[in-house]
Structures are given as C-alpha cells and as structure tokens.
Amino acid sequence: MKSALKNLKSFAGGLHPPDGKHFSAGKAIEICPLPEELVIPLAQHIGAPAEACVEVGALVKKGSPIAKAKGFVSVPIHASTSGEVIAVEPRLHPMGKHLPAVVIKPDGKDLWDDSLTGADPQDLNAAELKNRLQAAGIVGLGGATFPTHVKLSPPADKPIDTLILNGVECEPFLTADHRLMLEETERIFDGIDILRKILGITRAVIGIEANKPDAIELLTARGAARQIEVQALEVKYPQGAEKQLIDAITGRQVPSGTLPMEVGVVVQNVGTCAAISDAIRRGHPLVERVVSITGPALVEPKNLLVRIGTSLQFLVDQCGGLNGAAAKIIMGGPMMGQTQLSLDVPAIRGTSGVLIFRQQDLPRYEAGPCIRCGRCISVCPIHLQPTSIAACARLDMIDQAAGYHALDCIECGCCTYICPATLPLVQSIRYAKAAIMAQKRTT
Amino acid sequence: MFASILTLGGIGLFAAVALGVAAKKFAVEIDPRELAVLDALPGANCGACGMPGCAGYAKAIVDGSMAPNLCTPGGSEAIEKIAQIMGVEAQSAEPQVAVVCCQGDNQKATLKYRYLGLYDCNAAQKIADGPKTCPGGCLGLGSCVRACPFDAIEITAAGLAVINRDKCTGCQKCVAQCPRSVIHMTPRLAETHVLCNSTDKGAQVRKYCQVGCIACQICKKNAPEAYQIENFLARVDYSHAAAAAAVAEKCPTKCIRDFSHGYPDGSSYGVPTPEKLRGEAV
Amino acid sequence: MENQLYLSSSPHIHNGETTDQVMRKVIYALVPASLVSLYFFGLPALSVLLICTLGCMVFEALSCWLKKIPQTLADGSAALTGILLALNLPPSSPWWISLLGAAIAILIGKQVYGGLGHNPFNPALVARVVLLISFPVQMTNWTAPAPLTSGFDAVTTATPLGEMKTAVMLTGKLPALAQSGFSDYLLGNMGGCLGEVSALALLLGGVYLLYKKIISWHTPVAFIGTVLVLGGIFWAIAPEKYPSPLFHLVTGGLILGAFFMATDMVTSPVTTKGMLIFGCGCGLLTLLIRLFGGYPEGVSFAILLMNAATPLIDRFCRPKIYGQRPAKA
C-alpha cells in the first residue's frame, strides 16, 4: 500500500502542530456506561433549536423523540436511553449559558422504542431516505452539526458529481474518527452507499491524513471492490476543513461566500456516514457517538461510545479522573474547540472530543505588539491577512475589515497558533465578522 | 542680484493677486450663521446629535433640517448661543450624564471564570456571557473608556468603570458600547443613584456580589416616593432626588451612592464639583 | 468558591515561539560577527558594542517610563537594535557617537512612532545614516584590523569600497586591491564597520536564521542576487571601471544588510512576493549608489528608501484569497 501513501495531496498554507494523537490513538472504542442522569439540550445543531414535546413525568424509550424539529433547517432530538423525564428546564449548555434541555433519568433497561423500524435503502427513494434522516436527527458529526438532509438537498441548478468523506481528523489529540474507520468500516461504507443513492452519483473519495496509515490501508483495500476511493493527504492542519479538503482532493476552490455544492461536491464526516447507516437500516436515531476523552491531564485517555446527554464529569471519571487540577476544559479539538465553564456540561451531538489541560499545559499568553513578521499570512489556508483584519477590528474600522475579506475566515486558528506576539487574532477576526454581519443587517 | 529680486518679487506679487482674485471669484456661498453656529458648538465631533461631525450639524441647523438643541456636550450654553444666532427660543433639554450602575469590582464581586483574550468587554461577553458572575455587572475591560471622546471614564485598579460627572457631556457613546447595558443616563443635577444592574433575586445576588441590590426595600420604606423596586432592583425616581439622598446611607449593602460624598472605591476622581460652583466655573 | 478555569477564544495551543525568543535568536546569529569584530579591532570594538547595546536598553526603559506604560525591555528588541547599530559603526567611534546613535535609534527611530511594531524605518539604520550625515569625519575614520594577537595600535586605513570610489573618481579605474585579496575580505581582514568585515561570520549567522525559520530566504536572495546580477552586467561591460560581483558580495555591508537589516520584520513587507520586490529594490539602489552615487556604500540608504516603499509594496502584493479563482471543471 506504499503507493497510496506516496501520492499525497495537500493545499497551500496551514501548519503542523504537535500531533497529540498518541494519548488515545491505539485505544479501541469502549462503550461508556449509562450515567445517573442525561441532560439533553434542545439546541445541538445549526438551525432552529428543536421544541420539547414531552413533559415532566413522561416515560420514554431509547430513540423516542423528545423534541420536534422546527422548520426545514432543524432536526428532532431523541431520548438517549429508556427512562423517565424528570425535568424540562434550562441547564448549563456547552455554549456557556443556560438553555432549555430535557433531563432523563435512565431506568437501566435501555430499551429501544418499538416504533422505530429499519428499511433496506434499495426500497426507498432519495426523498424518503432524506425524510428518514431528518426524523433520525442526523447532523454532521465533524463538529459543525449541520442538518444532513439539508446538505443533501442542493438546488437543481447546482449538480453534484463527487461525494467526499472526511476521515482527516486534522485536529491534534482527537482520534474518534480514526478508531471508527478501523472498527466500523462496514457501517461507514454502507452510509456512503446510501449517500450516493440520495445524491444520484457514483464517485466517492475518502480523505485520510497520512498519520493514519492503518486506516488508509484498510479502507483502500476494502473500498476497492465497492468503488470507494481513498486519497491519502499530507499531514497538515487544517486539512480537514471543508474548503481545504475539496481543494486537495479535487483541485477545485469553493468560491468565496458560497457552499461546496457550487463546485459540485458534498462533504460528509465518516462518523455521519455510520450514523446514516444506522438510521436507515436499523431505524436508530442519533443517540450516541464516539468521543475522544484525551489530553495530558487524564489518567487514562480513551475513545468512548457516549450517549448524548452524558456529563463531561462522568466521562472524565470513566477515564480514571485527572492527574492534576484542570485549568481548561475544551469541547472539541485544541485549535477550534470551545472552552467550558465546568465539567457539568453534557456531551452533545457535535462533541467529537473532550480535552483537559492543566496549568502547565497552557501556552504562554502576553499579547505584545504585532511585529509584522507575516507568519499569520503565510499559514492562513484562505490566504487572508489576519493581522490586518485584527488591527481593523481593534480600531472598530469595520468597513476596512470587510475589505480584507474578514467574512472568508474559517476561524481555524492557524494564525493565532503561530503568532509570536500571542495576539488573539481569531478572537479579533470573530469580532470583526460579527460587526460586519450586524452592519449588514441594519442596512 | 537685482534681477533675482525683481523676478521673485514679481512672482510673489502675481501669486498674491491671483489668490485674491480666486478667493473672491470662487468663493463658496456659506450662510454666515453656519460659521457662527459651528463656533458655538464644542467641536468634539462626537456624534451625539446624530451627525458625524459638528460642521455637518451646524449646516443642518441652519438649513432647518435638525433641531438646535441636540448637542448634549455643548450643554445649555451652546443651545442658548445657537438659539440666539438662529433667532428662536432656547429649549434646552435637562442635561444628563452617564453613570455606571455597578460597584462590583474584582474585590467585591465574583468571577465565573478566568478570562484570557482581547481586553475588550464586547469580546469577553461573547465567551460564556462574560467573566463576571453577575449577569448585569460591569466587566471592567474598558470598551467604554475607548468609546468616550471626552476622556471621562477610567477603569479602577480592581476592574470597575467609573465615569467622571464633571467631564461627561452626555453624548451616550459609552452606553452604545457597553454589552451589559450597565451604563445609564441620569440627570446631571441628581447625585444619588442605585449602583446596581442585577435583576436577580436578593439571595442570588448575595452569592456573587457584596455590594449588589438585594431588593430588601429599606430604601423604599424610608422614602416611598424616591425609590421604585422593579425586578428585584431598586431605582431612584429622579423627580424626588433630594429625598433619595437622605436615605442613601440606610442601604445595607451600600449599593446606593451619593456622589457628593465621592466616587466609588478605587476611583481617582475624588469628589465631583458641587452643583452651585459648576454654573460659575463654566 | 470562584471558578479557577480559564475560558478563552480558540485556539488553545501555541507553537511556543514568542517575540522575545525571536529577538534572542537574531542576537545569537550576530554573535559570530561580533566576536570576529572583537578579534580584529579589540577594545574599541568592545566599547562600541557595549555602549550601543546598553545605551539602547537604557533609552528604551526611559521612554517607557516617560510614556507611563509597562516596561518593554523583556522583548529584547532594544538590545538587538543596539547590537545592530554597533555593527554599523566604525570601530574607532568615540563613546559619544555610540551613545548618540543609541538615542537616535531608540527615541527617534522607534519610540516616537509608538514603539515596537510601529516604526516605518529600521532604527539602527536611521541612527547610522543620521550620524553619517552629521559627523562624516568620525563616521568614516576607519582603522586597519589589528588582530588581538598582533599587539599593534590602531592604524587608519580605508575600506575597500572607499578605495574603489576614490580611485574611480580620480583615475576612472579600479585600484589594484579590487581585483584580489578575497580571502582577506571573506574572513574580515579589512577596514570597515564592525559588522562589515567578516562575510563568513555573517553568513554563518544568516544561515542560522534561515534554519531556525526566523527569516525567509526571499529578501536576502533577492537583495544579494540583484547585486550580483547587475554588478555582473556592469563588470562584463567594463571590468576596469566596475568591480566583479564577488567583490560586491564580500565588501561593505551587503551581507549584514541583506540578512540582518533588510529582513527586519517590522519595516519590510509581510508577503513573500513583497519581500522579493523589496530585496530587488534594495539591490538595485545599493548598486547604483555604489557605482554612481556620491557615497562609497549604499546599503543603508537603499534599505531606508525601500522601507519607505514597504506600505506601498504591501498594498499591491496582497495574497490571492482562496476561492477567488474560478472553479475548475
């Protein structure tokens, strides 16, 4: 399989943070036991939050809907296990505020809802498949949590010819997708077939970074008979970002301000594929996912199959607890993840990883003046000028920030990672983007 | 040498004549009142009136498209002068100054988390609704200081914004910047204010702030017309400002401040100029 | 109990290299050249180096104190400016020239603009040029190298470029020295500023900077390349009037300028394309001044002039944003 690893593709820009994968890469996925309480927020995806459709005291089964989708760009939320609804109230959400959630006390029996039925994808047409995906609450599991059925519904004037599967997992420390590709290959491939049927295309390419040679080898071998290609990619962050992935695999650049459908591509995370397979074949909604609980602060980092709504505290306990006081709790990877107020937050559909840093793992931070070294410009995968946008943001020069294409920033964090002055570039650019959007709304 | 004197002198003379002719011939017709109004305005270009600069506002006053009493930094003296120039009645609005309704600096109020990042209140507010536990409290990172064109705000060493009542002109730029809406406009002549912005119940407030309003109603009981309690937060009714001042000391958490006794702890502003002197100093 | 957790915007890791480490690495890169200058010029060189470096640090501390802002000495930029300034001064500089240079470099070249990151011109070069124009006698008083081991006193001499300029102006032809003596020039056995003498020591430092990725190859290669190519053209046309490209390379401040002065991040363009244009411009101006200008050495002036052009270069060299080229079929 050396040939697959020799023909590495890539994109311009980016950088190589230390991998950090060794903490949990070799660990097979373990099933996380049920906690005492599951707190399931109603806002777990892009689009309108779901609306609760159960009341306190209701008995639910695993997979029963507990909240309805609101509109087209929305999905329903389901109970992650059988039990009793003990509260429908605001609870601390990973976004840092108290948002509506349904709290379930598991009854320990873990019974699936009988009304859920699987089907053979051959018997269903594209529209029926998409409806089932929405009903199953399938959203992008790479972290963006965009409702999948919407992504699979491009308008007629945007024909799709390529399906790209994101097995890159370029964020340091995270290994959930890697393990999934090794252990659940069949489910992933099944999901790919279903996606190809919905889109009505034949070409599917899985992008995998070269630091996962075992996954590349396995998927290339198995994929050959199923007309699923595997493209090995140079190890560089942010190869897993949608735009960079499309550029590396197809050579096409998604025009500024548009979506991948503009260049005839749909991208899906490999975890989403596995969830799609379950949703159609077995009728199972999205109630659990693989999460990497990792980082130098954990006694025993692991890749766990976690029920949606399990608190981070419970997950950390499953990993043997911490070997030092936590200084930062990050949901996601270290480059784009969100810091948390406490471990009493639930894992949600978009939680790909939980990272704990102690004081000694934190980088030095003393923002000094910009020395115009230009490193941020050379690493930006979108080829922006982060220091210029940040300077405009600091001076509230919003029009100039828009002139520097601030809205094109994918907030990958490369610029801030490399900045010798430790300037909070991504934060400043986010400020500029919010100000530009606010300005657009008022004019 | 003679030739060079003649040449240069001649060029100078020619240029002077040419400039004089051009000044007369290409003169822009400005209503002389516009220049007088511009002179009466403070010239800070702060934008409080709604125009980006004083020149624009002067023009708008003279051509009648804007009212002459919108300049809060200029105060009653500017409004009177402008009214005189335009030949209309002076209708000054009651002068207002901004007040930061919070005394919970880092030593008196708790933090939800330790914030790392841009030293800006709006940026910090985006991260889990800001580092201060109190949802309405001042974050003390200085967005208001940067917005103020009159250098009237400071951040104390313990992280609290304080507005100088003598320097504040009421332009409201700080109010627009504050993500927690903790800055409120108050009549300049009223010196007693409830410096709290939290609408949480008293028991909750006690947990995160030593000087927050717990809605115990003591102020209202002692001066019923001067205080209103709404949403677990007391507010001074400024039409009875004198009565409010009398009971300020009775507040158990000391969240009511009479500014004639001084600014909040840690402020370098001392004591505001007493009202009777202020009229003369201007 | 208060929450001790840190919350911040992403990203949450950093590659670890901060501004002071960058400055420190540049100082390390200048150590070989400084040592060679000490070897060739002895105690006077030491005094220039010390007064310039310490003087710059003192003036930086003074400015911060006057401006009532936190001290910035820890970022190492003042010390670096001091060393670079010292390397741009003749070894026989009196103490007051070094001190005045330090004051001009820090106070006028840097602090007046707002401190680190805001100056448009290279501070060390600003100081050197101001001194050169104000005190031409002291600034062109060259001593012959007297290696520490030889025990000789200082003897005045001329720099190779100075000799070349005088000879060409007087006789229209190059002096004999310009055609030979390369090993001397390479190692540093010639008259010149502290930092001009040893091409080898400077190249060592330059390679270290490239290896550590403190500078990128674009500016030095464009700068030196342009000088070599244009110098070569002129040499080919009239070898008796114009020296060979190799002569240009090892004499004067070309290597010091190309690797350490033109690559100053604050005053040079931020994109690689811009750096190439910047380097070429510096090379062109250097050569023109050396061959046709009034001064024998043009590196300082060339770099300062190109510093002035940097904002313009940056404006026209903005990178092409992802997603701006039409989608391929």
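Note that the chains take the letters A, B and C in the order they are written out, and that residue 1 is the start of every chain.
Simple rule for what comes next: a contact is a pair of C-beta atoms (placed from the backbone, for glycine too) under 8 Å apart; a residue touches a chain by one contact, two chains touch by 3 or more.
Just so it is clear, the model here is predicted, and its values are computed rather than measured.
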item: Far-end chain from chain A, centres as C-alpha averages; value: C
item: Chain closest to the assembly centre - both centres taken as Cα means; value: A
item: Centre-to-centre distance between chain C and chain A (centres being mean Cα positions), rounded to whole Å; value: 48
item: Between chain B and chain A, distance of the C-alpha-averaged centres to the nearest whole Å; value: 45
item: For chain A, residues contacting two or more additional chains; value: 96, 339, 341, 365, 424, 427, 430
item: Where chain B touches two or more other chains at once, by residue number; value: 112-113, 116-118, 123, 126-128
item: Shared interface positions of chain C, touching two or more other chains; value: 3-9
item: Chain C - residues contacting chain A, complex; value: 3-19, 21-22, 75, 115-118, 265-272, 318-328
item: Chain B to chain C touching residues, read off their complex; value: 110-118, 123, 126-128, 131
item: List of chain A residues in touch with chain B within their complex; value: 95-97, 339, 341, 365, 394, 424, 427-428, 430-431, 434
item: Chain B partner contacts - residues on chain C that touch it in the complex; value: 2-9
item: Interface residues, chain A side, partner chain C - complex; value: 15, 17, 96, 172, 243, 247, 251-258, 262-263, 325-330, 332, 334-342, 355, 357, 362-366, 368-374, 377-378, 380-385, 387, 405, 408, 411, 413, 416-422, 424, 426-427, 430
